[in-house]
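Chain lettering (A, B, C and D) follows the sequence in which the chains are written, and residue indices restart at 1 in each chain.
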Amino acid sequence: MNSFGRIFRISIFGESHGESVGILIDGVPAGLPLTEQDLLPDLERRKGGKQKGTTPRQEADYPFFKSGLFNGKTTGAPISIFFENNNTRSADYEKQRSFPRPGHADMVAHQKYGGNEDYRGGGHFSARLTTGMVAAAAIAKKLMPGVTIAAEVTEIGGESDLEKGLQRAIDAKDSVGGIVECRVNGLPVGLGEPFFDSVESQIAHIAFAIPAVKGIEFGAGFAAAKMFGSQHNDAIENMDGKTRTNNAGGIVGGITNGNELVFRIAIKPTASTPKEQNSLNWDTGKVENFSVKGRHDLCVALRAPVILEAATALALVDLFLLEQKIKRVVS
Amino acid sequence: MNSFGRIFRISIFGESHGESVGILIDGVPAGLPLTEQDLLPDLERRKGGKQKGTTPRQEADYPFFKSGLFNGKTTGAPISIFFENNNTRSADYEKQRSFPRPGHADMVAHQKYGGNEDYRGGGHFSARLTTGMVAAAAIAKKLMPGVTIAAEVTEIGGESDLEKGLQRAIDAKDSVGGIVECRVNGLPVGLGEPFFDSVESQIAHIAFAIPAVKGIEFGAGFAAAKMFGSQHNDAIENMDGKTRTNNAGGIVGGITNGNELVFRIAIKPTASTPKEQNSLNWDTGKVENFSVKGRHDLCVALRAPVILEAATALALVDLFLLEQKIKRVVS
Amino acid sequence: MNSFGRIFRISIFGESHGESVGILIDGVPAGLPLTEQDLLPDLERRKGGKQKGTTPRQEADYPFFKSGLFNGKTTGAPISIFFENNNTRSADYEKQRSFPRPGHADMVAHQKYGGNEDYRGGGHFSARLTTGMVAAAAIAKKLMPGVTIAAEVTEIGGESDLEKGLQRAIDAKDSVGGIVECRVNGLPVGLGEPFFDSVESQIAHIAFAIPAVKGIEFGAGFAAAKMFGSQHNDAIENMDGKTRTNNAGGIVGGITNGNELVFRIAIKPTASTPKEQNSLNWDTGKVENFSVKGRHDLCVALRAPVILEAATALALVDLFLLEQKIKRVVS
Amino acid sequence: MNSFGRIFRISIFGESHGESVGILIDGVPAGLPLTEQDLLPDLERRKGGKQKGTTPRQEADYPFFKSGLFNGKTTGAPISIFFENNNTRSADYEKQRSFPRPGHADMVAHQKYGGNEDYRGGGHFSARLTTGMVAAAAIAKKLMPGVTIAAEVTEIGGESDLEKGLQRAIDAKDSVGGIVECRVNGLPVGLGEPFFDSVESQIAHIAFAIPAVKGIEFGAGFAAAKMFGSQHNDAIENMDGKTRTNNAGGIVGGITNGNELVFRIAIKPTASTPKEQNSLNWDTGKVENFSVKGRHDLCVALRAPVILEAATALALVDLFLLEQKIKRVVS
């Protein structure tokens, strides 16, 4: 439910406008040097308000370690990290409470939780929860030295000229979707576990936990569906398994093959468009015109790269620890 | 690893050319009427050799129940189902053992398992393992009366005229990829668990366990990345959450919203193309020309619908049982 | 590792002399009325310093909810609860750091975690961690209306006259062990899951997480090993399964049978005896005489009842939710 | 439910008088030499009919590997092992079906599964299921070279002269309970995971899955509850943690400390005593006199040692693999 991972196991909690959000991490080996400073660069990248098209809400996002650290190192006990919610404007949400916002979880959360959900700012469904993922991933990355994970927006609103795609949305006074691509280098061969815990399964599982993600593809992905086998197959030419082409995106049979891991996610337009919308008014029972209040990203894809990198690191570190174990025991 | 699900929990085993493949299912409630007959229709659909472009290997695929049934009903104890492997021609694989087949798991399995893997017919990586998934799903579906799951091939080799796409591959003497779309009707509102077990996460997780799947998208999917928010949002017009458009594909915030669940997977071309390929010869250490032996599907997408339906049922039944529990306790 | 439960899932964190201890609870249904007040009675019972023979360390042990509550009710999202550590005297531990205390985890923790463990006050091994268990159990109990769980000390230092047993220890200036018995009434028939999650398995699992527990027995327990079958069997005399004798302790075949659930745990004497001891000095490498500093319970069994009740509630609620699900689906 | 273990994960299935019993094992590293012969010695020890006081039912108990082996070695894929049930006499059970046998799971199973359970010979609750545990443990032991696990009956019916205790039962024409003690040598320091997966928690969890176990104690166990701290503490005298006394039974703080691991289980008298009993007749609704049919052990404790060794190996191997992983990553 709110946990992910078998050995490096994260558990997430918090609400957008509650007191805090945070994460609990079990399975971190002892003796790893760790300070708040290690987490700040990625947390900084995750913040809104840094560039055109992102939410003006600004939070300090300072990670408070509440357990698991001693003398600047991990102890082997669970690490808990808290982030305070300070810059909330819940009144925005009270005002529009009668409208379940289209594209948001308002309606389903209301039905699933019988009206008991914390609806302010999306509550537990908010992308603000990903703060904890980013923090945990900074630790995960330290356990995989030599592995580099880099994601970037490759398309906004169908434009690969990102500036242009964003400007089109600004001009249209509308939100817009985008594509984020992630590349991982330095992975060993052999990560991923048949039959159900392939690298694709694990990454897709956690990637779809990122709000607004509606698709994922590895290597050639959907384009592969249009290809012939002779075009798609990556010829093996070396004993280490490196191939010149990489249509497989670095994964064959669900297992890393030593090539660059490449995949892309599709991010839908921010549900909270500045445009007026028609939707049901719960109070009146009628479809009415309304506009979403609150502070929102015009294009959430812009903030997604660091979150996708985090999700990727969290999926990989768990497979990495599992494989580590297997290799060592037998040899 | 080889298990999936929290409450309705499946564990898969077997190898393509070993003695058997099968599945163990824990968490099936007692008292469900069940016979081998219930499983045969979907198992029949999964078989190869039924249509142009599928493998000529034919197996009886008769499900032998080894536990968990008594007097024609489930007992509440684990259900084990076995399938014999009879029609194997392992000699095909011995011959080409020196070539790790491009696009297959041969190379990564060899590196991951230190050469101890059962390589015949792909061993544990074979799509033959999905036989167990199809059998388990037939049971899963009986626990979700009123829910219909239907998948179909919508594209072969980029052609929505399927006959044409397949003929192009036959003419080119090459294998080819395709798209399979799955639609689920009759689902209750509220399936899916924040933060990590969204409906998308669960379905994607198991869908990527199906060999050859390289992408998945829900609702508008990758097309959503090109849209404005005002285009993509499905306006809520009724108290039950039904919407006229369905860009969300029936899932908002990771939770089913009562609309049709719609998603698509991208299936790469069968790695075993009839075409000659260049690849490393492990024995000589040189790149050489070779052709894949064995009996294979020209387009695995053709056999995928029933398997994707099975994967979908297995993901949903687990979320269904989980939600069932939560709802009942409080009310 | 630091989590327990499948559906009602708790994750514990913190250190005795770190910043805080706490617990994260996933799987609590939405709509349950809940305030800090609901937790205080049991937390108060768990505190030391209330009676002769318990530690003079006093902590406020006020539960700070950090997520999962809204308008006085649970939301369905994870509930995180924090307790501050204020009344720490870590200097006590610095002084005796060179002596790994006999009966304590000092030595094994040092070896397991390579010297990176937080050793102050036992760190993550401290019984202070059970504060979170007590808090979580208060919530668990609200999900099992009609179920009463009551534990009491039945023996101190071999004496069933508890005052006398304790006085003997005070006179001897030594710590002392004890027996705690737990009785649960109002349980439905049918809790417990074959083959590995019997009621005994689940309760024993979490009971042994309580520091100082070295034995557990259900019903007649070890005495049963001395009995004949005709003496031990509880004759079934009613359709509801109620029996006049209860040697089984309310569990047959690992499943609750509707009778009172009865079990006992053996608690070893507090490792930190006031008596001088011989033990290795890590710095000198020699066995030397030393006495344990810090504030400790003379008889930890005195504080165990509320903790054992909590452990019991946490084991039962998970089995309860699981059984709930199964019953409802079929009927 | 029917699975145990996190990394070395076993899943059990089958019924006493069904077609088969068996076990599925996931997480076994590749490359381990393994044949049926490796399993036979312990399977032979588990059989009944070998000595006075055990069931006359004789089964070949030959382990059929159905997956996971290739060329005499493990492949890294799941290992499935089957045992056929040949020597069943289900008619014995039909006759006495109207009496839910006291001390057996008949009544609770009937209530839990709504009458759909396979009641023949105890069905899924039968000790015959432990055949799979014994087989899996033979594999587990091969992964822990240098570790020896040895259990023995130390008491029958309260007598440490076992022959005498058994004869008393034979004379009384009654079944009888006993104590089994297990000792493990060669374990590394550091196995066991705080807070919930202590060595005691893991061993107790699986030990209580063995039918008829009603108590467990580690080291001094229940006797510790009567001791003073100065008596119970094992003085640490060497840098390797070895102690002269071993009241802790080799576990401190839930972690192995390098000393011999010692624990005992209490086994209740066989529920199926040859003596006549009074119990409810479901058909008449009256309490009547009846005697249990079928073939049974007079003292199940006699067959328990090899099963307890197996349970112990299964608990330890999982902790061993987990610790292996952690150690290696950091160093």
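What we mean here is this: contacts are C-beta pairs under 8 Å (C-beta built on N, C-alpha and C of every residue); 3 or more make two chains touch, one makes a residue touch a chain.
Note that the structure is a prediction, hence the values are computed from the model and not measured.
Trainee: Count the C-beta contact pairs for A-C and for A-B, then tell me which is higher.
Mentor: By the number of C-beta pairs in contact, the winner is A-B.
Trainee: Specify the chain most distant from chain C by Cα centroid.
Mentor: B
Trainee: Determine the centre-to-centre distance between chain B and chain C, using the mean Cα coordinates as centres, and give it in whole Å.
Mentor: Going by mean C-alpha positions, chain B sits 44 Å from chain C.
Trainee: Report the inter-chain centroid distance for chain A and chain C in whole angstrom, where each centroid is the mean of the CA atoms.
Mentor: Using C-alpha averages as centres, the distance is 37 Å.
Trainee: How many angstrom lie between the CA centroids of chain A and chain B, rounded to a whole number?
Mentor: Their C-alpha centroids are separated by 25 Å.
Trainee: For chain B, jot down the residues that touch at least 2 other chains.
Mentor: Where chain B meets two or more other chains at a single residue, that happens at 1-3, 12, 30-31, 76-77, 112, 114, 124, 194, 322, 330.
Trainee: In the complex formed with chain D, which residues of chain B make contact?
Mentor: Counting only chain B, the residues touching chain D are 1-3, 9, 11-15, 18-22, 24, 26-27, 30-31, 65-68, 70-71, 73-80, 82, 112-114, 116-118, 123-124.
Trainee: Per the contact definition, I'd like the list of chain C residues that touch chain D in the complex.
Mentor: Touch residues, chain C against chain D: 1-4, 12, 100, 102-105, 107-109, 111-112, 114, 122, 124-125, 129, 155, 157-158, 169, 172, 174-179, 189-190, 193-198, 200-202, 204-209, 211, 213-239, 241, 243, 247-249, 252-257, 266-273, 275, 277-280, 282, 285, 287, 301, 322-323, 330.
Trainee: Given the complex with chain D, which residues does chain A contribute to the contact?
Mentor: It is residues 6-7, 27, 29-32, 76-77, 143, 194, 321-322, 324-326, 328-330 of chain A that touch chain D.
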